[in-house]
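Labels for the chains are A, B and C, by order of writing; each one numbers its residues from 1.
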């Protein structure tokens, strides 16, 4: 059994997770549906956002150069990190050796590159300030969703965590409000005293050299205000031509992610000073994105605006939760990104999909996820010698007599009724019975005149 | 060891090679223009204030600066604001001039201890019901996030119609930082239950000075947008 | 009309095709069975074997090429997913020269309920069946072909039947082709959610337009010893007319 299967089997069999996750996902799905219903031009917005993102990816080199030029002219310092290790190294170098407190707002790319772990190893104290990420940090876990990091946890779980790890007096019956306000009180002094900050970027715009960050909690605001020095860590695919181009993506992001009309804060950062950090460093992370961009089938996965709508409607995600995927980007979008951003274990996530298509229905930038997932599944077969073997075996699909014999053999085996114990089909009998199967194929019945009611013709 | 510029060149080279295989991509699709509407703005702004059956802020329309001052005093009293930091803009200063001097704090280091902040917004967006604050109007930036009560004053001329209009305005004002604010801070990370506040303000009160209810032509350029492709004959939807 | 018989129906669920043929005959249409059918190639594509799927697609083309116009004016298939495979995936698999022949076939290829309701304009096939039935809206039929209204119409005109609504009618049943055997525990969990939903809705029968989904659900129901019957809409209606 693969690790993926083991984790997913365990998660799928957890009724508590099913209840918590189901409730949370239903809530988000309903909220999104309300926003879609009230929008007069939802499909047109998706077309616009899809076009903007694909245009951006197709012109990424030009946009990057323009962004670089404008952002540098405004006083921001750019750094280039080819991979996760170098990105972490750059951040550590920029933070310097003092142990001044570092505050951090939510950034999926920092999860991807393992920044928190790297900072811990470098003995640099950093506190996550997004509530979900803070809880994840306290718990020592990985986030289970790219928008709602602790969607899998109940209020009681979190209260218990705060009690045991932070010594905060919270009963198991503590409600979300009490818990959230407790976190506000805990984090406030950390915000006030912070001198270094790390944040992510939802979008970058080339024309203005701007970093756009969308948040709800105000922690992003603190991070972009208080520290003397701010480090923005971002994937290179976040580039877009201009702020105006972000209209459709921004209108779709809130609705798709949380069912809000607008995220509470849309920050646009262009230069140091002006009442905020005196020094801004931007770390542009590749970590496989340029390889993804070069891939004729899978490049459009980079259009993703990280709304999480796909995993909200994914039946596999609903059954297993995000941690079972074993990677920072769970659900449908994780599958075409994994081959590039997660070297070493590239193809296996593609198994975690029924190809139901619910994801592409909700993707704000119209990524054709089911087809991308099929393309990922096709990859291993291209290169191995098995490819040639498959082509030979495929011949049976064009040889009716051979196919009929194969079918007869399968039918006979099924009629024996005994479960399949070995081989790839053993997964069937593990959880299902062998059905009762007619003794004849349809063609046999047809040839014997069974097609008509009275069998005369 | 790779130098910074060689990493950059290598990255750019990889991207260039990757994008060279992309065919031409359709040009951008713009949405039809939307006229600014105070009614739509009010409706959407007030929507952002509500959560859990409570309202966390207010919107008042007044017809003069003097009335704005009165309204702000009311708001500050109701919210029990005893120390207020005031943003550096002209309108904010003007209104602050009419407030009891004991509550107006002049110490920039007092931002974290202040109960409230009074800031001007030079941008209101009717489509999203959000309020745009620019760095030079906020002053020490944490004034927009630290004090629990955020009082924003704006002139009606600040109103634009669509989000694109707002973004273009933000892009062309040359500010180091701007933020579009849609209500008080909030989180829903615990069981998807919306809790106001999270780490920022717990209430946002907006006072808009309207000279009259008829719209004048303002100096704000409305963005020219032509609907292209896909939906021929779409009504621009006012 | 020509019958396009899915491979698993041909070999393991002949009653589904039998019911389809007899119902079409009952509705007054001559049914022919083009010889030499193998498989639409969906399972191969699903497993990542695009080349094998292409072989299947070409063979499908040659099998049905002579059908449309000459021997039949439509091709009917009792499977939403197989119909969807041909109508949505074949274009990318076939070569430009083959597309002409393909488009002719695809234009006249229908899923069974789609054909009866939309093409023949029939909602009441004259069937009678007493009981409570729920409709599972299988994914490919729903999302790629927009099919849900058609089987519902047929059920609503099934005399004596009470149609009950599932709590989550569009939730995936968890079959997913190779998924069923690669992640069997998750597959079973999704099946259980669907079966429990049907039972909670008071259904005695769970039906739909894909007997691959329903076969997986039936096999799981059997393992759990649930009394719920999972059956394709064609045999259900055919029984109701006394044709099976």
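The rule is simple: a contact is a pair of C-beta atoms (placed from the backbone, for glycine too) under 8 Å apart; a residue touches a chain by one contact, two chains touch by 3 or more.
Treat the numbers as computed from the prediction; the structure is a model and nothing was measured.
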Based on the touch definition given at the start, go ahead and assign the chain network to line, ring, star, complete or other. line
Sort out for me whether A-C or A-B is joined by the greater number of C-beta contact pairs. A-B
Which chain's C-alpha centroid is most distant from that of chain C? B
List the centre-to-centre spacing of chain B and chain C in whole Å, with centres computed as mean CA coordinates. 53
Distance from the CA centroid of chain A to that of chain B, rounded to the nearest Å? 29
Taking each chain's centre as the mean position of its Cα atoms, how many Å separate chain A from chain C? 32
Among all residues of chain A, which ones touch two or more of the remaining chains? none
Per-residue overlap in chain B, given as positions that touch at least 2 other chains: none
In the complex, chain A touches chain B at residues 20, 23-24, 27-28, 40-41, 44-45, 47-48, 51-52, 54-55, 57-61, 64-65, 74, 79-82, 86, 129-132, 135, 148-151, 153-155, 158, 175-177, 179-181, 184, 187-188, 191-192, 205, 207-208, 210, 216-219, 221-222, 224-226, 236, 241-248, 250-251, 258, 260-276, 284, 286, 290-291, 293-294, 296, 299
Which of the residues in chain A come into contact with chain C in the complex? 4-5, 8-9, 12-13, 315-316, 319-320, 350-358, 361, 374, 376-381, 387, 390-391, 393-400, 403, 407-408, 410-411, 414, 424-428, 430-435, 437-438, 440-446, 450-453
What does chain B use to touch chain A in their complex? 2, 4, 7-8, 10-12, 14-19, 21-22, 25-31, 44, 47-48, 52, 112, 128-130, 135-136, 138-146, 162-164, 167-168, 170-171, 175-193, 195, 197-201, 223, 229-231, 234, 237
Considering the complex alone, what residue numbers of chain C touch chain A? 5, 7, 9-15, 17-18, 21-22, 25-26, 31, 33, 35-39, 41, 44-52, 55-56, 58-59, 139-140, 143-144, 170-172, 174-191, 193, 215-216, 218-220, 222-223, 243
